[in-house]
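Here come two complexes built around chain A, the first alongside chain B, the second alongside chain C.
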Partner chain A sequence: MISISVARGNPRTSRAVSQVLGEAGIGVALVALALFFLAFAPHFGTAQNVRDILTQITLNTILAVGMTFVILVGGIDLSVGSVIALCAVVAGTAMKGGGSASIPAAVLLSLLIGAATGLVNGFVTERWRVPSFIVTLGMLYVARGAAEQYTGAATIYSLPAALTGFGTTTLVGLPAVFAVALLMAAVAWFVLSRTVFGRLVYATGNNEEAVRLSGHRTGVIKVVCFVIGGACVGVAAIIYMARLGVASPILGQGYELNAIAAVVIGGASLSGGRGSVIGTLLGACLLGVLTNGLLLMGVSDFQRTIVTGAVIIVAVVLDAYRKRLSIRLSATS
Partner chain B sequence: MNRRVTLAAIVTVAAVIPLAACGQENTGNAASTKPTGKPTVCLVMKSLANEYFQQMQKGAVDHVAQLGNVTLDSSGTQNETDVDGQVALVEKCITKQVQAIVLAPADSKALVQSVAKAVKAGLKVVNIDVKLDDAALKQAGVDAPFVGPDNREGAKLSGLELAKALGKGAKVAILEGNPGADNALQRKNGFNDAVAQGGLQLLDSKTGHWETDEAHTVFGNMLTAHPDIQGVLASNDSMALGIIKVIEERKANIKVASFDNITAVKQYLQSGVMVSTLDQYGSQQAANGIDYALKMINGEQVTGWQKTPVKVITKDNVG
Partner chain C sequence: MSTVVDTPFLDIAGLTKRYAGVTALDGVDLSVNAGEIHILIGENGAGKSTLVKCLAGIERPDAGEMTLAGAPHRPAGAAGALRAGIQVVHQELALLPALTVAENLFLQRMPRRLGLVDRGGMRRRARELLGQVGLEVSPDTPVERLGIAQMQLIEIAKALSVDCRLLVMDEPTATLTPRETATLFTQLRRLTANGVAIIYISHHLEEIFEIGDRLTVLRNGQRVHTGPVAGLTTAELVRMMVGRDLNAEYPPVTARPVGEQLLRVTDLRVTAGAPPVSLSVRSGEVVGVAGLVGSGRTETMRAIFGADRPAGGSVEVRGRAVRIAHPRDAVRHGISFLTEDRKAQGLVLDLSIAANISLASIDRVSRLGLLRHAVENAAARELSSRLHVRATGPHQTVRALSGGNQQKVVLARWLAADTDLLIVDEPTRGIDVGARYEIHQLLLTLADSGKGVLVVSSDLPELLGICDRIVVFSKGRIAGEIARPEFDAERVLNLAYSGYLKNGISA
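Our next item is the complex of A and B:
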């Protein structure tokens, strides 16, 4: 009710509301949620628990940062949950029973497989002008099947101690694996907001035709975004193995939807051109804090699932509202 | 792309995935429908991406090769909960007019209609892995013998090992499998039996959806909420792997009892963090089912629950 009357008010107020509902909005929601859990969820505010949350959101953060690039150019990548399994089983097999010397090659392998699937996703989408939704849905099956075929459905274990050790290391109090995610988010933020390529990514998502007419090859930009997304999945696969010490061809089911949820909660538009790495990071935090807090409160599995879904819907509704607001603003100004 | 279209498409695909996942097939030596003297048995399983069913299939293929007097037509769904895909697989077997179906149902109630259809078409049906719902079978007016282990009894046996290791009054938590899955429920019940019989104190019970990463998250948070947990009852070994990771990270003295006996847990049984796991000889379950199917084809009456052996695996017999 309030929001509607504000929207009909003067443009300046509307613009402020629009901004608050963006990155700041998600930040406010995150703080509110954290305060709620501080009050009602025992142990929520302990250093150990904060470290736990950071460890728990690491995978989704990495995947969501990659997904941000894809969504910014108006694409979607449904294959990440399967591709992470493929990267993990291939790289895991390469390291199985080996020493720390086997790690660099396995990391490279994982990155290459991730980037290669991104290249295929992007290339097919652009070359034949098919929705990335369908192409990556196909890749979801291809990569899952390939992972199963490769392992004969067996779980891979006996990974190098140096790798699993890294999974539990802390750097100045932060889990090392989360530091990797944070570093990737920082690089992505820099690329998207401080480089020509980043500006082109946003421009392509907003108005591809205009970018093309100004002499840029939008197809290449979009494919590169898919490759970046894929490479992020390759990193996530290594992090998964570092944390859990195993790789299985059935891992990662549903990860794509968690990553998309983080990006959308972070204020990105699924039609492209709008969104930010900071928003995505906050979105991943929000989902992680929600899961952690509800578990600490002892909320039942079923209620936890319902609440998580409701939060995603509320975030998307806010996003839709914000978009309508900005259209109205451009109409009035 | 229009955003509304994209969102609608996401919803559509979420609904379509189970339908599209009509299954991978692995036909033995011949997919021929008509028996050439040899009867054909259809083996319909759950996800072949699961190591457990993969081993089960291998056991069946080896067994059939040894028998030599039966043709095997085996198939599985793409994921554990792919009910529609499995219904299609059963119907395929009916259409092919095979002599018997050995079925590991993806859902203990939803597959009953397909089983009734098969029985009425004159096929012999043997139920393995997860028992079909008795009430639903009675309602459909059919009977299919169940050849398989007692998940509840198995979980109880594994849980009692934990009770023995920790002693009376020890505080424990349960990690459950997928809510709604029959074997998840049976194992949870079995763990609860062990908790009651062993005098343990249950602090929390939550699902980890059978998965390592989720079990790691859920148990990590559980341990934060209840730092005094001394033991965990994990409904499968994949989740136990995630739990053990948490125990290692926190350097906690917590023991785990589990279920399945996959090779990846051997080292933890040896090191002592895992007290017990349960081997229900999954690789032989389908083979057992095929034996009973052959008996039925030869006119023998088989009804009720034919229990197959289970074995508690501990440090002493892990090898």
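Our next item is the complex of A and C:
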């Protein structure tokens, strides 16, 4: 109903307002949730707890930002959880026992492996016109197996102190790792909203044939989105090692689903063309606040999982309702 | 002819429907007798589709009464309207692509035997129905393999399959050839003879005079006229719809100097077994492409543009041989292509008008890969006003526009790309009279400025009205070419059918 009155106003403000409403639907939910926990969850509002939340959502934010690109072009990447393990063990092995000088090469290696898996996912999906759901499901197994093979299923310890130190550093009160996530989100937002590439990402997700017939190589655009998603996983792998000081071939199971959940709660459509980095960021925050708040209230692990699942379903239902409303509003004849 | 009964079968009084502050229907009255074909006509956005949706239970009216056979008609949903005996053939196709023709036909009520689907019976009934609409396909063909005109016929057959008391057809002939339309009309007459009431929506004025008993004109959600079709003139009809005089149905064609050769296609084969096709377009020329649906017109244009890869042949642009393997190559060589299906292949519905307009010329509104929104919006504003796009501004999403305005947005995209040659496929299909005139005028203006235009159309009067010469396709090959001084509808039709006749007749 709000958007009805908005639709009649000044077009520029109405666009801004409807955009905020679209993302702020979740923004409002996030604030409401935070207020609820402030009232009922002990220690929720302390600076330390806020820092904890930000640290906890860092990995999922990075993965979800990458996933946003993939989902915007109508794809999905189920291999994220395994690829992060593969990136971690390879990069971890490269800097094992080394000093801080070994870090740049390892970071580069992690990024390359992530991007390479993304390239394979995207290329196979595009070249043979198969659903990315299946291709990345295959990659989920391949990368997990490769990670275990690479280390002989062993966990890697003794990573450079400079790296693990970074995992606990704070920058103006914020965890440095979260600053990395925020920076990546900012870059992604810029790319999607201000560049030709970003425009073509949205357009391709919306109507690929129309974009192709306008003279663009939609296949390349889609593959690049998978590569971006993969590179984000490479970054996440480094952050993971910085935070926990180990690289294990079994890490990351189920991470892909958390990332997808954040993107979807953030208002993206799984059929592509709709979604935003800001929405994704808010989605990741919502999941993080929910988990943290319930934990502080003493809700059990199991019950927390149930609540999280319910929230995902409610978010998608609300979003579908909102979308129907806006389509109905636009159909005047 | 129809039997006219004293009390109307359907009676609508004061029907009103508002959306988001826009009044789509404003106190509309309409009565339709049993056995009558009642034409509903009006520009896009006049409220025709909304009225149909209320009738079909898809939308609930805000005010007004509907009475069906003396009983109040207040359908709670689509199923309620179906139960009341109302069948609607919507403008948008509602077929399940993966299912077969027979399965689609009987989706509403599958013939059953012992609780299982009676496949044999279904196939038999399907063949009957396909015969009624004159469609020669196997009932076992998956619908996705059919062309858009064939799908339209399936929709019509589906509506015929059910015993209904009121049949509503929303632009059923938009994609049909004259022959298919004639078959459809025979079937409609059969239904009215049995007392079925029919509401028929169309933009084709010729058709209206041929099939209609009475007509109702809507404009801006209000009824402006109801009366018998006989005795009306086209000019009167247009004036009632548009609310002003359009001096002629087509803009005047003035003699233009024809310049250098822009495009020359030699022995193009759409597929390996297809016959070779050669044609050319000069600067300042409007060349029509006529032919039946499926005669190879669209396929040839798509191959020239690189939308599909041709099996052979050569293309020259301005006398230079070029290789076009992707639409990107075509755009680079100065060729635009307006597709026949604007929703599936033209528009990015959820993006803004500005984004849709700049899509084929994005390099001009960006620098170093960064969008320059101000430049983009300015360009969109300029083209929107030049083409008279009715919208709130360049930020409005294209989904919210009417069909005619959407088509203008796609045209604006190609004007922004500023190519030498423009190929347009069914440029005015499903578009109201006013917008149609404007689009014709625009195509002629482009030719005046030295561009070449190729117009593919099933609308013969349109081709005769605006083209300098017409190339006629028949069964995959070019059956002939007619220059403006020799224009004659019958000659074009003879050529169009020539490939399908056993011995072949010459025009």
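By definition in this document, the second predicted complex is superposed on the first by the 311 of 333 C-alpha atoms of A that agree within 3 Å, B and C clash if a C-alpha of one lies under 4 Å from a C-alpha of the other, contacts with A are read in each partner's own complex, and residues count from 1 in each chain.
Here, a residue touches a chain if its C-beta (ideal position, glycine included) is under 8 Å from a C-beta of that chain, and two chains touch if they have at least 3 such contacts.
Treat the numbers as computed from the prediction; the structure is a model and nothing was measured.
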Superposed partners chain B and chain C on chain A - clash or fit: fit
Partner chain(s) touched by A:322 [first = chain B, second = chain C, both, neither]: neither
Touched partner set for A:213, first chain B, second chain C, both or neither: second
If touched residues of chain A are counted for chain B and for chain C, the larger one: B
Partner chain in contact with A:154 - chain B first, chain C second, else both or neither: first
After the two structures are overlaid on chain A, angle v-u-w for chain B, chain A, chain C in degrees (C-alpha centres, nearest 10): 130
Which superposed partner A:222 touches (first chain B, second chain C, both, neither): neither
Minimum C-alpha spacing, chains overlaid - chain B and chain C, in Å: 13
Residues of chain A at both interfaces, chain B in one complex, chain C in the other: none
Contact set on chain A toward chain C in their complex: 4, 7-8, 11-12, 15, 194-200, 202-203, 206-207, 209-217, 273-274, 327-333
Contact footprint of chain A on chain B as seen in their complex: 1-3, 6-7, 9-10, 13, 24, 47-51, 53-54, 79, 176, 179, 204, 206-207, 211-213, 216-218, 220-222, 224-225, 227, 238, 241-242, 245, 248-249, 262-264, 267
Complex interface listing, chain C residues touching chain A: 19-22, 24, 44-50, 305, 307, 326-328, 330-332, 337, 339, 344-351, 355, 359-360, 362-363, 366, 369-371, 392-393, 395-397, 399-400, 402, 413, 417
Residue ranges of chain A touching chain B (in the complex, touch as defined): 42-43, 46, 48-49, 52, 55-56, 59, 74, 76, 78, 131, 133, 137, 144-145, 148, 152-155, 157-158, 168, 240, 243-246, 248-251, 253, 260, 269-272, 291-292, 295-296, 298, 301-302, 316
